[in-house]
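For reference, the structure I am asking about is given below.
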Amino acid sequence: MTATILTQQFINGISLGSLYALVAIGYTMVYGILRLINFAHGDLLMVAAYAAIYAVTLLSLPWQISFPLVMILTGLFGILVDRVAYKPLRDAPRISLLISAIGVSFLLENLAIVLIGGVPKGFPRPDIFARVIDLWGLRIQVLTVYTPILTLVLLMGLLYIVHRTKVGKAMRAASKDFETTRLMGINLDRIIAVTFFLGSSLAAAGGIMWAMKYPQVNPFMGVIPGLKAFIAAVLGGIGNIVGAVVGGFVLGLGEILIVALFPQMAQYRDAFAFAVLILVLLFRPTGIMGEPITDKT
Amino acid sequence: MDTSTRNALCTILLLAVLAAVLYVFQKHGTEYQIRILNNMAIFITLAVSYNLVNGFCGILHLGPNAFITIGAYTSALLTMSPAEKQLSFIIEPLIWPLSVIQVPFAVSLIAGGIAATFFAFLISFPVFRVRGDYLAIVTLGFGEVVRVLCNAMQSLTNGPLGLKGLTPYTTLWWSWGVAVFTVVVITKLVNSSYGRAMKAIREDETAAKAMGVDPFKHLLLAFLVSAFFSGVAGGLLAHLITTISPTLFTFFLTFNLLIIIVVGGLGSTSGAVIAAALFAWGGEALRVVESPMNLGFITIPGIPGMRMVLFSIILMVVILFARRGIMGRSELSWDRLFTALRLQTKA
Amino acid sequence: MNDFFQLDNLVMQFGGLTAVKDFSIIIEPGELVGLIGPNGAGKTTVFNMITGFLTPTSGRVLWQGRDITGWPPHAVTAQGIARTFQNIRLFTDMTVLENVMVSFHHTIRSRFWKAMLGLPSHKREEKRIEKEARAFLEELHLGHLADEKAGSLPYGQQRRLEIARALAARPKLLLLDEPAAGMNPQETMELAKLVREIRDRRRLTVFLIEHDMKFVMGLCERIKVLDYGITIAEGSPSEIQRHPDVIKAYLGEPKHA
């Protein structure tokens, strides 16, 4: 294998990893506050991708307007999901909450089949992202370079909100100690809504970029990226935003490089992430950047 | 007559009625009716054994489809004749000794159950190191891994082509025989001291440990028993539909089982039986919404996917508004039935 | 060196924080020992280290001549040490009888497959367990509630059931974590009587944590005082009451006086 191909694959890995990272952030934020794996989070990729298709084709909005609009709408949709399916179960046994999340996920996927149909739709990728540039002898699609850059920009914005604003501080407090935060008179419903909004908008960004990378939008497109992003969140240390990004990059790079270095492993690629998950849970359940969980009895 | 003799007589009577019904349908039933009855029995087996883990131990295991797949493949590979196997495995030949073995159906079912139990044991160590959401994802992941392996390991599973032309051994006697056996055995288990220990873990794992209950041992027991019956049911399914492939038993199947045990009531075997029967019948009945409907003057086109939308909505409604489902955690029993009858006659 | 029960320099650190430092105690068979201290002094942490819910950073737990440090909780219970919890932890959706029967599970001899097939040998054991569990409930005056759901009992009865359940595990050493918490003076008095009764009748050894000073002083023969994880005093109730450090750390607070 030449150094050029390896570099090429490395860049691909970074690009894929940044998509996992964008989606993983939403998992980690919601888990941090509600201790819930939002099973429906992956399906937001699909919701956002379809929304973007319709915004561009039906409403003929330029992508510069429609993509941010879709992010906002998906964010609001995330809040709606919480209000309908999770909020009534805040004090219910955990198993109910999880089952509700799985229910939402299946409902979204099958509603998409009923309303839109199971046949994959092409994604109207703006030409600017499809261009191929020559970078030191490497032929790379612009999208592959833009994806990690955009991820880092969005991450900076998110970290600013979480660390520098009042609502961000309340979010961090809530993820440390839900009950005390409630007692301190902070409006938790608002904090939870903001969390779902931010996480879902980032998932939307991930969904749009995923659809540009693999321009086949179908009702189940979010399932596998969603699962892998969750694994990335666990790998990074669940509840930790920077950890989710690191986990995303590690997982994306790992998947691409394993296939690049051992081509005969290609058909096992989808199993790689789960092997990582099992290893992390066995040997370092707190993930790369997670803090040890204190056991209260 | 004391109550235990009465209850035993009632149970025998009920089984006799069931046998008579099955006999009539086996002789005179349409293919459609027999298919529904077979599905009912297999769903009962699957739901009752799935409920042992999710309902009685209170953990969210999302990988029964993996064990069903393993059971189905094992059993199918064991009943096919060596000649059939040679014809089917065109890309890569089946590995020895599976390529030459052929066993009777009953043996293949048990082998399917044992294979599933073996894999359940292998993954139990990572699975039971964690709880709650993590456990859900690990078991879900195992289901995905099994699917990937079924596709990739061509010399064992024939890859994406799957196994075709299996002999339809699964009759009503087989499917219902297994269902009755499963219900009886699992009921005895959950009503025993072992079952009490599982329920204690569900209620409060910390307290259960302090009372001398080893959570790993008991969760493992439930997990393995559940995997065994899922594997046997997988073998029955394989020889009912006669064609299996890696995409057949996906997370969809797990989702359906989850709906059944939630609707029936997590932690109620009779609830699981009732809901599984309803599901097998309702699932077929609801096919009308997916096929075109001719109302004489206008034809409404069928809507593919509508059934799953309805099932998802049913699951959400039950979990949000009627969390106890049909039975909650209580069971139907002869004692309860007779008490209810007595109250009826008095009133 | 005593070979009944001994804690030898137990230390528990969480991250950089030391919750318990160099905790040592020797308890003789049949003793009734109290462990007191302000909130957050590390009392429950000591219990958690004994019962295997926490593995001490250093130090040893010695029980009947064996080092059981870091054994899993269920194994510790099987060795004859049972506990109750500060915040009641009953199996709320199970009946009172079932709650107690869970504690008998570790004594069961017949294997699971015998239970699944409903073999007579297993049925006999189930009958024995039920009979013994009912006897326990009678002893603690809970017999008439056997078929109620544990979660539906009034508070005081739930505390009693917690003790019954722990006793049913057949301990030689019983650890009670704030058994009188939330009880009214009448109930507290009855509880003290009950604890002394079961100790005498079953020749148990009792080690208990309690906030209610009257309860501890009236019941325990020996008391140990923890503050910020450090043992500040040890002695008979009267010695403890006069100890200057204890008065400063603990009894000085008016609400506990």
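Letters are used for the chains, namely A, B and C, taken in the order the chains are written, and counting of residues starts over at 1 for each.
Simple rule for what comes next: a contact is a pair of C-beta atoms (placed from the backbone, for glycine too) under 8 Å apart; a residue touches a chain by one contact, two chains touch by 3 or more.
These numbers come from a predicted model, not from an experiment.
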- prompt: Among the chains, which one keeps its Cα centre farthest from the Cα centre of subunit C?
  reply: A
Task: Can you figure out the chain closest to the middle, judged by Cα centres?
output: B
- line: Note: subunit C sits from subunit A at a C-alpha centroid distance in Å of 47
Task: Report the inter-chain centroid distance for subunit B and subunit C in whole angstrom, where each centroid is the mean of the CA atoms.
output: 42
Task: Between subunit A and subunit B, tell me the centre distance in angstrom, where each centre is the average of that chain's C-alpha atoms.
output: 33
- line: Multi-partner residues in subunit A (2 or more other chains touched) are 297
- request: Would you pick out the residues of subunit C that each touch at least 2 other chains?
  value: 53, 85
Subunit B: positions in contact with at least two other chains: 206
Subunit B - residues contacting subunit A, complex: 54, 58-60, 62, 123, 125-126, 129-130, 132-134, 136-138, 140-142, 144-145, 148-149, 151-152, 206, 255, 258, 262, 266, 303-306, 308-309, 311-313, 315-316, 319-320, 323
Query: Which residues, counting only subunit C, touch subunit B once they are in their complex?
result: 51, 53, 72-75, 77-78, 82-83, 85, 89-94, 98, 101-106, 108, 112, 115-118, 122, 125-126, 129, 165-166, 168-169
Statement: Interface with subunit C, subunit B side, in the complex: residues 185-186, 188-189, 192-197, 199-200, 203-204, 206-215, 221, 225, 329
Task: Note which residues of subunit A are touching subunit B in the complex, please.
output: 31, 35-37, 85, 88-89, 92-96, 98-100, 102-104, 106-107, 109-111, 113-114, 117-118, 227, 230-231, 234, 267-268, 270-271, 273-275, 277-278, 281-282, 285, 297
